[in-house]
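Some structures to go through are shown next.
Presented sequentially are two complexes of subunit A, the first with subunit B as partner and the second with subunit C.
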Partner chain A sequence: MRNRPAGRLKVSEDIQVKKLLTISVALAGVAFSTAAMAADIKPAVLYDLGGKFDKSFNEAAYTGAEKFTADTGVAYRDFEIQNDSQREQALRNFAKRGQSPIVAIGFSQANAVEKVAKEFPDTQFAIVDMVVDLPNVRSIVFKEHEGSYIVGMLAAMASETGKVGFIGGMDIPLIRKFACGYKQGALAVNADAEVFENMTGTTGAAWNDPVKGGELAKSQFDRGADVVYHAAGGTGIGVLQAAADAGKLGIGVDSNQNALHPGSVLSSMLKRVDVAVYSAFEDAKNDAWTSGFSVLGLAEGGVDWALDENNEKLITPEMKAAVDKARAGIVSGTITVHDYMADQNCPF
Partner chain B sequence: MFETYLHTMILILDSTVRLSTPLLLACLAGLYSERSGIVDIGLEGKMLGAAFGAGAVGYMTGNAWLGLLAGIGVSIFLALLHGFASITNRGNQIVSGVAINFLAAGLTALLGQSWFRQGGRTPPLPKEGRFQDIELPFAEQVETVPVIGPIYSELLSGHNILVYLAFAAVPLTWWILFRTRFGLRLRAVGENPAAVDTAGISVVWLRYRAVIACGILCGVAGSYLSIAQSSGFIKDMTAGRGFIALAALIFAKWKPGNAMLACLLFGFLDAVAIRLQGQEIPGIGDVPVQFFQALPYILTVILLAGFIGKAIPPKASGVPYLKERT
Partner chain C sequence: MSAGQLPRWVDFGLIPALNLIAAFFVSGLVVLLIGENPLEAVEILLWGSLGYGEGIGFTLFNATSFIFTGLAVAVAFHAGLFNIGGEGQAYVGGLGVAFACLALDRYVPWWVTLPFAVAGGALFGAAWALIPAWLQATRGSHIVITTIMFNFIGAALMGYLLVDVIAKPGSMQPETRTFEDGGRLPLLDNLIPGDFFGTSQVNLSLVIALICCFLVWALIWRTRLGYEIRTFGANPTAAVYAGISPVRITIVTMLISGAMAGLMAINEIMGAQHRLLIEFVAGYGFVGIAVALMGRAHPVGIVLAAILFGMLYQGGAELSFEKPAITRDMIIVIQGLVILFAGALEYMFRPALVQLFSFAGAPAGQAD
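Right, the complex of A and B next:
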């Protein structure tokens, strides 16, 4: 007898607590969704293993995000992962804190984005370099082969030995796509050109090993190459350094790296990750967010080559004319650049 | 045909020399420490700390020598820390070494980020902040002489001063260890410290001198990475070289000459992996990259398992010395 009322009381207490909890959770949910809808968005960027300041791929994303903050005054959060297991954790943390849109940089984030995007269907996600087919994910991929074709032409025209080199980061299809476009471009100018290809490694560490990058570049110079193009993130710093030290030419990637060693960097293959990040933030801010996937090539301004005061002396009028012609050809469709990822094969 | 083979071989050996240098310096560093009875698995951390010190100071002052000095300073500091823990306080030397590795990995990234704001790396160094390659005299003149010419001008000439320093340190270490009074005592303190103590020589002071020597060499090794081989410090740039040096030390049975050969072997395998990547090998064809990347490790296992025989460390290695112990 004695116990019963007490027990009942306890049950009702429990119920009340639960009700309170649900209400607060619902409120929180409302708060979050309104935050996502309103103009004052809380964007976030998650960088890949190369790190925010790799002077290349990730730094391009950083530049885009910084520009957005400078233009709109909207602050963003970012995170540099230290190892693979942090990807999911970081994305989930962002989503839990109500950050949206969350832009994940790099193909390696695909699995994590897919998982976390399903858990948070009201949060907007974007991923660069990979396609994740979910209603709340925007996937942005680039036609790197087109830009690489252009710098491949430049390399073959600038080369005196007829031998040019390519140094990739991690050995993955995406990087082979760079290599294949580059090779096709070089061969288009000089059918006898020899193209050396090296990959730095097979793990994520290959994006951040300038010592190895420099050593690979030296080995290519020793074999006769005099222009070397890298698609290796932070590793590429060592490649460009080795080229500058040896009096050869390097070609930068993703960001404009011409200024790293003025006069020793022939050009840079620009991959406008900065534009991708900026427009993702901007679309979210203007309530114009779209999911689905977009492919950005030369025609869309997604890839390009860099010409500025640091390399204008290296680019002769003939080179510029040839490249401009090829560029127009690719845009109009008269020149097709082979996409390695289409059939996992490079026919050259 | 012979000419091209010779040329390729020389270029691979040239690359071998560049890649072996940091291993060799770290390996000799470990040799001093372990010969005195102090096990040092903190070589990696000391190298990393030195690489950061050298990179940061080299960038700020634009002077490679000041950078080297800073690198050595950081490394000696970490070595003394290890000495304080394991000699004075008789702590566990493995634990202390691991702690130094962690300390260096964390501190370099943290300080690098707060000073330079580039994700833990230093900005690229100016030309004067790095050690430039040195052309030996007559390198250009003899280049055309068959066989000897290219060996001299490509292989022996055209390295930076730290490379020559590293290889000069091998005979020097041998001489110190086996031909001087200090060397004799150093070896004795690693085998039987009680006997050294009985002879009226301070075990503690001897061991401290050994770890300082270790610090100096590790400092040069780390500085080589950041201000000679590449241009600036990068987070975790030692990439396990300290541990490979330790393996080479065991491999070499704690002897300087052997240490050089072991380090050259590791460097050679690395160089071959870089050179043969993506090239057709006559009779075999295109060998996958992964094979060459695994090759150094496969060979290490094979060599360690069967070919070098038993490696016996100095007897008192890893044992703290206590006067009262019988």
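Right, the complex of A and C next:
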């Protein structure tokens, strides 16, 4: 709906832009024409298998793109893949139609981005969660372990039983990175804390299985946990629901999920994929595009924890003070959060 | 299957066509319901899948995978076995293909690797079908249950292997390293002159798939084993009376079936992705069931049905690309309707047609 009229309009828009260009070059010179050129970007987003509305990772990208359209009026295109062989196809389809920048969401897109970015050296690509080393690709990775450390601390401080839980989606190194940071954070507050860890599954279906997520959460509650953090995409909806039903606390991930069950979601570990997408679009629009790779941690505002009216009653001043202190420590480098991906090992 | 009541062209041509039309009609209603023009949607679907070389290439690429998984289900059908484990067998078959490619790709050209990869895929796929087959044959555990459960065991096994054992070090993507040229099948685009297929991934596996079709046809209708398989499928009790061992037929048929599913990995792993990656089967194994049902478990029918589903996949992707209102979930609905009408509702039009043709063809009294 959103893009269809835009597609029709595009032709006349292009003509108008061309007209403007000729007039402006004839009359005013270069400055006006670059402004017109710069405004004329055709951004695109390619979501990962989880889909646009996973309430989490991909949806964050969607939120960022929507915000850009709301702010600037520039329409964007997007696509949800069905299987792996469509990644390349979709990227190429975007590139062929002159879309740029093209933001690919998820580490699984790396091979496809690498291939297609080589074929279209003049198109700007960005990839989230993975590094592709090409002159026209911007790679954005996040320090999820830092954000997870913070919510780990919150969990341990909020817990009355000294037992907290973690529920991951698919069992892959990236999710173990979340788990490891969380564990370190919890142990930093309470060295005797017990951290239960469960992964939902070994296949992509694990990102979208709220029923199983809920069951895993219940089993952790039965073992004594009273705060559960999820890094499981759509599966996490079930985790947070189970926590709310049982009167325990859940912790959201990627997007701000505090509002899903106000008062039952302790906080959310924000992974600002929306900011990454927004700034990629914005930089392209302002002719300020840069390639290369950026690592976004707490210091850069790439990861954070969510505090809003839905959870302010759950966060005591002491908790906030402790977290702020740890946050400053991580930013300044006095606290090092272990990155599971660095050595494929969690020492805790 | 009530063959014999209807002329062959009705059985193999008219009924699938009617089912398809019904499916597309209902799909059209759904498209209409979300406020898009169904005719335009059909146009994009057809253009996207058959309108230009690259689209045809992608259609054939998808069809290649469907031929393999369709044959897998069809072979088992003939023995009265319902193998719905194609998904897992293809997944584990990928491991065999990947082992061959990873071991050889740096030393020999692709045509030396190919036989080993084919053997690897077939062997691993067959091995994954062996246990359900053995349980069915000797313990009577129902093959539908065991094969579908083996899909999950296969996914867990492959997940473990890809995450913890054979993953490329330092990568968070659970996948092996990318194969060198020695582990890559040539694309058809590179084999034929011109640039007809563009950047599509259709590759030499299509030829292998067609060879497999012929081999399956020869096996089922021209060999003694095939006769035994069909006999066992038609009437197990009579087959035993005729001296055919049910254990042997069940196991042999399932091994062939699993091998066919395993070969699907040749197309996906050696032909297109050039690396073993998690979840690469992505439902092709399950759609193979619909392909086999629609193709009436005959290789020619399977090729046609595979092309149809290849079109739905490729044209469907193109459709959701062009029309953001038609999401990928809508495409799945359309595919689901085709499967529903072609598979589950296979007998919907049949009684009416049987009546019609017995009226027209034979004197009264035959229609009952």
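Observations on the structure shown:
Convention: the second predicted complex is superposed on the first by the 310 of 348 C-alpha atoms of A that agree within 3 Å, B and C clash if a C-alpha of one lies under 4 Å from a C-alpha of the other, contacts with A are read in each partner's own complex, and residues count from 1 in each chain.
We take it that a contact is a pair of C-beta atoms (placed from the backbone, for glycine too) under 8 Å apart; a residue touches a chain by one contact, two chains touch by 3 or more.
Predicted model only: the values in this text are computed from it and were never measured.
Superposition note: with subunit A as the common reference, subunit B and subunit C are in steric clash. Once chain A of one complex is fitted onto chain A of the other, the partner contacts of A:Glu80 extend to both subunit B and subunit C.
Comparing subunit B with subunit C, the partner in contact with more residues of subunit A is C.
In the superposition on chain A, A:Ser332 makes contact with neither subunit B nor subunit C. When the shared chain is aligned, subunit B and subunit C each come close enough to touch A:Gly51.
In the superposed pair of complexes, A:Asn198 makes contact with subunit B only, with no contact to subunit C.
In the superposition on chain A, A:Asp171 contacts both subunit B and subunit C. On subunit A, the surface touched by subunit B in one complex and the surface touched by subunit C in the other have residues 51-52, 80, 171, 201-202 in common.
Listing the residues of subunit B that touch subunit A in their complex gives 11, 14-15, 18-19, 117-121, 124, 225, 229-232, 234-235, 237, 239, 274-275, 277-278, 289-290, 293.
For subunit A in complex with subunit B, the touching residues are 51-54, 80, 171, 196-199, 201-202, 205, 208-212, 214-216, 218-219, 222, 234, 237-238, 241, 260. Contact residues on subunit A toward subunit C in their complex (touch as defined above): 1-4, 49, 51-52, 77-86, 88-90, 92-93, 107-108, 110-111, 119, 129-130, 170-174, 201-204, 341, 344. Interface residues of subunit C, counted against subunit A in their complex, comprise 35, 58, 61, 155-156, 158-160, 163, 169, 172-174, 178, 199, 201, 268, 272-273, 275, 277-280, 282-283, 313, 316-317, 320-321, 323-325, 327-329, 331-332.
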